[in-house]
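Have a look at the structure below, then the notes.
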Amino acid sequence: QDVRNIKIATAAESKPLSWGAIGVEPQGYEPDVLKAINAKLPQYKFEMEGAADIAQETGLATGKYDIATGGYYRAPAREKQFLIPESPIGASLIKIYSRKDSGINEMKDLVGKKIVPVTAGGGIYKFATQWQEQNPDYQIEITASSAGIPYPDRLKEVQNGKYDALVLPSNLGEQTVIDQQKLDIKASEPVAINNTFVLIHRSEENKALSEDIDKALKELKADGTLAKLSQKWFGEDITTYMK
Amino acid sequence: MLELKDLRLSYGNTQVLNGVDLSVKRGDVVSIIGPSGTGKTTLLKCINYLVKPASGTIAFDKVKMDYQRPDKTAVQAIRLRTAMVFQQFNVFKNMTVIQNVMDPLVVVQRKSRDEARAIALKELNRVGLSDKLDSYPSQLSGGQLQRTGIARALAIKPDVMLFDEPTSSLDPELVGEVLRVIKDVTSSGITSLLVTHEMQFAKNISNRIVFMDRGVVAADGSPAEIFDAPSNPRLAQFLNSELAIQ
Amino acid sequence: MLELKDLRLSYGNTQVLNGVDLSVKRGDVVSIIGPSGTGKTTLLKCINYLVKPASGTIAFDKVKMDYQRPDKTAVQAIRLRTAMVFQQFNVFKNMTVIQNVMDPLVVVQRKSRDEARAIALKELNRVGLSDKLDSYPSQLSGGQLQRTGIARALAIKPDVMLFDEPTSSLDPELVGEVLRVIKDVTSSGITSLLVTHEMQFAKNISNRIVFMDRGVVAADGSPAEIFDAPSNPRLAQFLNSELAIQ
Amino acid sequence: MFDSEVLLPDLWDILGAVPMTLLMALAIFVFSTIVGSLFAMVEYRRITVLRELVVAYKVAFKGVPMVIVIFLAYYGLPPALQFLAALVGIEFNGHLTPNWVTLIVALTACVAAFQAEVVKGALNSFDTGQADAAYSLGYKRSQLFRRVMLPQVIVAAIPDLANSFMVIMKALSLGFAIEVVDIFAQSQLTAALNFYYLEAFLIAVVIYMVIAYIVTHGADRVEAALRART
Amino acid sequence: MIPELLKALPLTLAITFTAMIVGFCLALIATTFRVRRVPVISHLADLYVSYARSVPVVLQLFVAFYGLPLVVGLLEIEDFVSPTVAAMLGLSFYHGGYLSEVMRPAYLAVDRGQHDAADSLGYTFRQKLTRVLGPQAVHIALPGYGNSIIYLIHNVALVMYIGAADVMATAHLVMERDYNQYQFETYLVLAVIYALLCLAAWLVVRFFELRSSKFAPRAAPAKATIMASV
């Protein structure tokens, strides 16, 4: 039987979720999960390649890549463009990072504060605008940005007072950074939980792939593989948030 | 041997040549004089089709052309049988003196390098540049540049030499050396057309003087007719102001 | 009234002035002639301290200066009482003809604009530029530019006029008009120092001729002495080559 | 091929960033011209030591890509400012420096190196014969500079100055890396929000080309008008 | 860290050289049309050059990155457009336009008299170009060419924004791995690497400049474009 090669674009700069650019073996939670999926699906051969964010989505749209991962959320615009399996590959807990003395614990506390700009069109942006619609009484100021300033810098900017708060998925290794650099920063309780998915290039052929991956993910979650990998990379079990 | 008829040319709105007629016989040395801006340079350029007249005809021995129907082979035939010496020298700046003289022989006349070299050496010797063979133009004085230009022109053995104010870009002290070379060339019997402001010199070397004014030939005759008994009032006025300086 | 002693100057390694002595009496019209590159221009510039001689002294009436100890007030005093006309005209390109003449009067001599204007109009009329008052230099011919330069120099009523080859950047036809103006100026009795290559002209207007060669004054005398009986062999040779052209 | 329903709103979005971009470009243009002119004067007058420093400055800022200078400023400027403020005894949190200030400082530093060349070129195009003439008429150095040199030097520099303005406009696009929103950054944002990338970028391309056309032709007009007077 | 950065150097150089070569060809073609004024085609060439010169290079890279797959799709060939390919083609396009504006003035700066002399001696257009105009134009264009190479190297630093893994992108990965503790230092190292690359390029061009200056030791008349290009 023919083994079909599947080209996968993984996030290049999102340690520990996934990192490693061209020429470097991708590592992290998602690459490990993908390997586990491949082990269950011998009819495919997964070929992972770290790619910059911008390269991922276009490559996926044109069919250069069959799959892209990188902590993607489900969004209507994406559902129209891509195939998205039912089951999530992971979950991200959105937390607010602020100075320990800031007294910021939830979204409502952000009124009148300087918030680090959020990635335009990304999950946080979607979450924040939705939250704003639902809570019109609390006017918070959100700016979108397309800049690629790494989040460790953002944490430092919160620390030194340039901003008051950073809203971010918590599965990017923030705690390591905070500990290593001895930052005076705390994370709030999760203000939202988002499931993350793999995105698949929309084509007839890939419909089966999407279903196969969906099935594999269900099994991996059921047999505790995902929980184990989550512990390994994030130090906590995020599968409890996945549904 | 060279006959131009009713040459007309304008740059944009300014009419430069207004119907020039000129004929030159073999062995003639014709000096063209006239005020600045009357189209003397333009006239010489027409002969080599470096500017495009609006109308007129040229006949060069058996080669004939109407400028309204330019004809590549005719143009090339005339170019090959005339040689031009420019006011600004226009020596090729990327070539040494001897390369300047050899290159047209090799490229255009397809002579062997050895043959070209022999000719070039002879002509450069004639103009007194034997010691500057391998200098680049940027290392030469104006007089030396102009003599290189003359040697390049002579080397192609033209039937007609065209000189366009060959000394007017030179320092006064250098003028003499170039005039001597030109005198030598013209007295060797080669047909020449010479635009110049050196009245005395024109008088000495030419057997015919053409006075151009406002784009036409306003007077034409022997040196004696032109200089000693100018009939045309513009000519008389021009000669007055030119000679006043000298 | 003007006395230069033992002027020495070099550009880098080339010694340009090798000990020039020159004295000019009130009312003199002195022409300086000599081969290219012998330091004639440099000499004139020294008088106005536009170049810095290594040594030598200048005395201008009562103002005296040793070039080894330059002195701002002395320099300025001499500058104010001489006026220079340049080979390259050097009129201010951002000013109209009349502004060029008025500006030094207003800026340096602190005259009122009306007074300056009246003087400018008079001098421009004298050089025949009354119809070009509001033209910018880019709209003028070389002859007109040079006449503007002369009017500007005249307007400041200098004790000495310095002309540096005032016609050598001009087309032959324009030389005449400028020479006429200079003749008019010098014959009005103003002390003048004139560098020129127009031998005939120098002979006509000067009462003294200075021949410079290789950075020194090689001959000095009346026009008759210099032109008709040149004693110095370099001078004789120079005059020969200059006159051969003309 | 392109969705016209997207083009128009996108166009409005991106046009919105034009005034801010022009304003920042103008600020950088003014500052860098001032600094560049100082540098050029140092070289023109051949002031020792300072001259060597200026040359070293120019080599450094011409050799290093502007993005890198921007990043260096982004990470280096706030602590530097804080340090300087502390020296003079001011309590100031340098990290509060807004990014657009950082960008303007970084680009001014880069462009000044080029403006120095522009001004030097214009100064050198001034023919020294006129200086000789002015001195011989008794002008002082400052009078010569103000009345004769400056008017001519400005006209001579116009085409190059127009060119540097466009360079600054383009250089501002690098500001997106530290999230200063100019025309380019806005087109990227617009695209990221509706996923129509190519459309937004093409609109930005057109806007840049139109601005360049206006700037260069405007400069040509001004120059032609002034040219007669020099 | 430095050895890791240097591992990405071959890619940076590969992009540079591709853009140099392809850009040079594009520039030759564009310049030919621009000086010979072929109807329509000349205007397209003009438009191309003004695109390359007035649109920020980052934006040009994005246009290449998003536009090329579209073109590839229309041509119905397999999508080979990786970020690296997009970077190479985008920069080639940019460099070609920029270079055309170096070549054209150089060609036009060869004085009219050289054309006249060659024509009057009966040279064909080809002979005139290869034996007289070309060699002289090369000499005039060399300083401007040197600059254009330096700007090209600078602009290669921007390809990281479309995801190509050049030196700059590698530096980002290195910083990421160390949780971004040494950014300022890393950018300083980058600045030195790029400055050295530019220095090397400059030395090479300078060598040719000196070699060709034997026939024109006096300063060339055409002024080299001194302005940066981003």
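Order as written gives the chain letters A, B, C, D and E; numbering starts at 1 within each chain.
Operating definition for what follows: contacts are C-beta pairs under 8 Å (C-beta built on N, C-alpha and C of every residue); 3 or more make two chains touch, one makes a residue touch a chain.
Keep in mind that what you see is a predicted model, and the values were worked out from it rather than measured.
K.L.:
Quick check on the contact network: minimum steps from subunit B to subunit D?
P.N.:
Each step joins two touching chains, and the minimum needed here is 2.
K.L.:
Could you tell me which chains make contact with subunit B and subunit C both?
P.N.:
none
K.L.:
If every chain is reduced to the average of its C-alpha atoms, which one ends up farthest from subunit E?
P.N.:
So the chain farthest away from subunit E turns out to be C.
K.L.:
Just grab the chain with the largest centre-to-centre distance to subunit B, centres being mean Cα coordinates.
P.N.:
A
K.L.:
Comparing D-E against A-D, which pair counts more contacting C-beta pairs?
P.N.:
D-E
K.L.:
With chain centres taken as the means of their Cα atoms, state the distance from subunit C to subunit D in Å.
P.N.:
About 46 Å, centre to centre.
K.L.:
Report, in whole Å, the distance between the mean C-alpha point of subunit A and the mean C-alpha point of subunit B.
P.N.:
About 82 Å separates the centre of subunit A from that of subunit B.
K.L.:
Quick one: subunit A and subunit E, Cα centre-to-centre, how many Å?
P.N.:
So the centre of subunit A lies 39 Å away from the centre of subunit E.
K.L.:
Among all residues of subunit B, which ones touch two or more of the remaining chains?
P.N.:
Touching at least two other chains: none.
K.L.:
At least two partner chains per residue is the criterion; list those residues in subunit A.
P.N.:
Where subunit A meets two or more other chains at a single residue, that happens at 58, 148.
K.L.:
In subunit D, what residues contact two or more other chains?
P.N.:
176-177, 188, 197
K.L.:
For this entry, which pairs of chains touch?
P.N.:
Every touching chain pair, ordered by label, is A-D, A-E, B-C, B-E, C-D, D-E.
K.L.:
Can you list the subunit D residues touching subunit E in their complex?
P.N.:
So the residues of subunit D touching subunit E come out as 1, 60, 62-69, 71-72, 75-76, 110-111, 114, 117-118, 121, 160, 163-164, 166-167, 169-174, 176-177, 184, 187-188, 197-198, 201-202, 204-205, 208-209, 211-213.
K.L.:
Mind listing the subunit B positions that touch subunit C in their complex?
P.N.:
35-36, 171-173, 175-176, 179, 197-198, 200-201, 241-242, 244-246
K.L.:
Going by the contact rule set out above, which residues of subunit D touch subunit C in the complex?
P.N.:
For subunit D paired with subunit C, touching residues are 127, 129-130, 132-139, 143, 147-148, 151-152, 155, 227-230.
K.L.:
Spell out the residues on subunit A that touch subunit D in their complex, using ranges where they run on.
P.N.:
For this pair, the touching residues of subunit A are 57-58, 77, 81, 117, 119-122, 125, 144-149, 157, 160-162.
K.L.:
So in the complex, the part of subunit C that touches subunit D is made up of which residues?
P.N.:
45, 48-50, 76, 79-80, 82-84, 86, 88-95, 103-104, 107-108, 136, 138-139, 149, 152, 156, 162
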